[in-house]
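One structure is given below, represented as structure tokens, and several questions about it will come after.
Naming follows writing order (A, B, C and D), and every chain is counted from residue 1.
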Amino acid sequence: MMPTGSQQESETGRLEAFSDGVFAVIITIMALELKVPEEGTFASLRERLPALLIYILSFTFIGIWWNNHHHLLRAARRITAGVMWANLHLLFWLSLIPVLTEWIGEHYEDHAPAATYGFVGVGAAVAFTILVRAIIRADGSSSLVAEAIGRDSKGTASLAIYAAATALAFVSPWISYALFVAVAVIWFVPDRRFAG
Amino acid sequence: MMPTGSQQESETGRLEAFSDGVFAVIITIMALELKVPEEGTFASLRERLPALLIYILSFTFIGIWWNNHHHLLRAARRITAGVMWANLHLLFWLSLIPVLTEWIGEHYEDHAPAATYGFVGVGAAVAFTILVRAIIRADGSSSLVAEAIGRDSKGTASLAIYAAATALAFVSPWISYALFVAVAVIWFVPDRRFAG
Amino acid sequence: MMPTGSQQESETGRLEAFSDGVFAVIITIMALELKVPEEGTFASLRERLPALLIYILSFTFIGIWWNNHHHLLRAARRITAGVMWANLHLLFWLSLIPVLTEWIGEHYEDHAPAATYGFVGVGAAVAFTILVRAIIRADGSSSLVAEAIGRDSKGTASLAIYAAATALAFVSPWISYALFVAVAVIWFVPDRRFAG
Amino acid sequence: MMPTGSQQESETGRLEAFSDGVFAVIITIMALELKVPEEGTFASLRERLPALLIYILSFTFIGIWWNNHHHLLRAARRITAGVMWANLHLLFWLSLIPVLTEWIGEHYEDHAPAATYGFVGVGAAVAFTILVRAIIRADGSSSLVAEAIGRDSKGTASLAIYAAATALAFVSPWISYALFVAVAVIWFVPDRRFAG
């Protein structure tokens, strides 16, 4: 059955709506995990500074993912079962970010939290690639997404940097944090691939 | 009063939007209940592994329910009071999954959490069946849903497996977990009934 | 400036979308406040039974409010500043229900939680009435809402019962709980006023 | 590629939907941070009164920001990368309000929480101004927003009052609270700039 314009709209529309809801809850719930300073003093607030900095980083990452997801879904024309599962798979990795953000905030000088955070970044980047492929398969070879994806240097670069950050966390977590910031900077200029 | 196309759109649309919001919060809030590892070490992370595995299972279940709900509502043409209450009833059962996921994560070797989880699965499966009937009643006998529902072998199978998992949890919770995975596998290939 | 059909759609649409989001979070977050049973036993689960029962009641109330809100907004044609503030005022009262639900769950034999819950019910019922008036004022005297509102016996009845439940909590909280159930039963058959 | 009407609709639509989700979660999650009174008594409830009052203030602020955001986005015609990042920047500041609300609720007689709350108010007000500029740049000089923004006396006033509240918190937090209420009163009559 060939979907008409409005059916297609509603098809991609509800996947976007559900995903947006998940993105909105993830990004907001991280703030809930910021612990209230124990005393009503600036000294007490200062103790929360590392947690705030990693919160800002994670907030930026979720923003980047939402942005890329938004552009990808706008270019998609058909939602198949494969696309839905690939989308859930991406959301799964992203859903781990709040608890990892809290973990790093509490143990920012340790190797394990930084390495795990990098690993989840790799997972999300791989999941995004799988989602792109699922959408291309659903839309056919003349897909808008297929046309655009040839130039996905940013995706490849950030996957490589996340992988490096995971490995180098065992040398020092501070190298990982520098690499995470690098990924954020790369994506800050948003993806023009689908913007047309 | 016969609803026009756009009125009907908005009628099913807002029920979908509200339900999507609930699904999105449920699936994300489970991640919030993942406890942060106490130390910044991989040993400490490993202690959280059972909680992570049951989280993945519950994440998959909510994804399956969202998927089925999405296809069901797309086939629905009229929202009556009965449909709304049947929908809320389904969401009620699903809303219990996060706290049960946390309970199993903390006591995965005990009978009670596994049995209760299975029981809530039965509740959700029954609630889904009631929702299907309510939509058929609202749409009339020529309903798209009515046409499709003759072949609902997956729904029946998963209801039976959930019931078995509830009972067999008293033998060993590991049997229940195996059966929960079986339900997930069955639904992984999504419901083609409404996909057209 | 006379809004066209689609502008009006978007005008009421975004108020509905925001409100639906709030309703969805409120109803789901209550489940998060259900405490995980301490042990992995049915005895430990049974200790949570009062909390579960009041959760079911609150879930039903939020469902009723969402349902009434949904029908009211569908009949609305114009969103003014007054309507927006009246809507936020209603959401404010409803936002207190999760924390009160948790409070009753922990102290269900005391007077104060039951009385406070009733008082918040009165607040929400008054806020709903104010919202109805704001919408009628915005739409003008030929408003669909104005036509329908003459028969609002349910609203008046539940306001009276909430007020009685607040006062009688000082005799026994169990009288209040019985009255809360009575309100739920009254609304269970949903509001036909706007259903057309 | 010139966007057609419906593409543009979906362009601003999804940004609104995501933002609405974040607003809805922020406003509801604050209620979750209201601590349950320890005992089932009115005396115990009374101890929570300062936390409730600051909750009402923050609820009002989020309502005001949502309202302004809603009117601003309705006047916007094009979403660029700059607009998306400016929007996320605003949401970032607002996402800090729940944890600060909890902090003030626990330490309302101290300087630091009141000053930090004022500082975040300044941050949000600046972020809103940046968002307005980004939208004007995206829409071009004939922008609806550009036309309206000449008269933004409320924005300037509230920015100045937030700044004063931040500084004067070091004299007494009660001056800050009085100034926060003043900001709320100013905005209570909503922004007619874009209401047309």
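Going forward, a residue touches a chain if its C-beta (ideal position, glycine included) is under 8 Å from a C-beta of that chain, and two chains touch if they have at least 3 such contacts.
The model shown is predicted, which means the values in this text are computed figures rather than measured ones.
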item	value
Superposition of chain A upon chain D: rotation angle, C-alpha, nearest 5 degrees	90
Farthest-lying chain, centroid of Cα atoms versus that of chain B	D
Type of chain A:chain B copy interface by residue overlap (half), same or different	different
Inter-chain centre distance, chain B versus chain C - centres from mean C-alpha coordinates, in Å	25
Touching two or more other chains - residue numbers and ranges from chain D	17, 20-21, 24-25, 29, 32
Chain D residues touching chain A - in the complex, by the definition given at the top	1, 10-11, 14, 17-18, 20-22, 24-26, 29, 32-33, 81, 84-85, 88, 91-92, 95-96, 98-99, 102-103, 106-107, 109-113, 116
Residue numbers on chain C that touch chain B, as the complex places them	9, 16-17, 20-21, 23-25, 27-32, 34-37, 39-42, 44-45, 56, 59-60, 63, 66-67, 70, 74, 188-190, 195-196
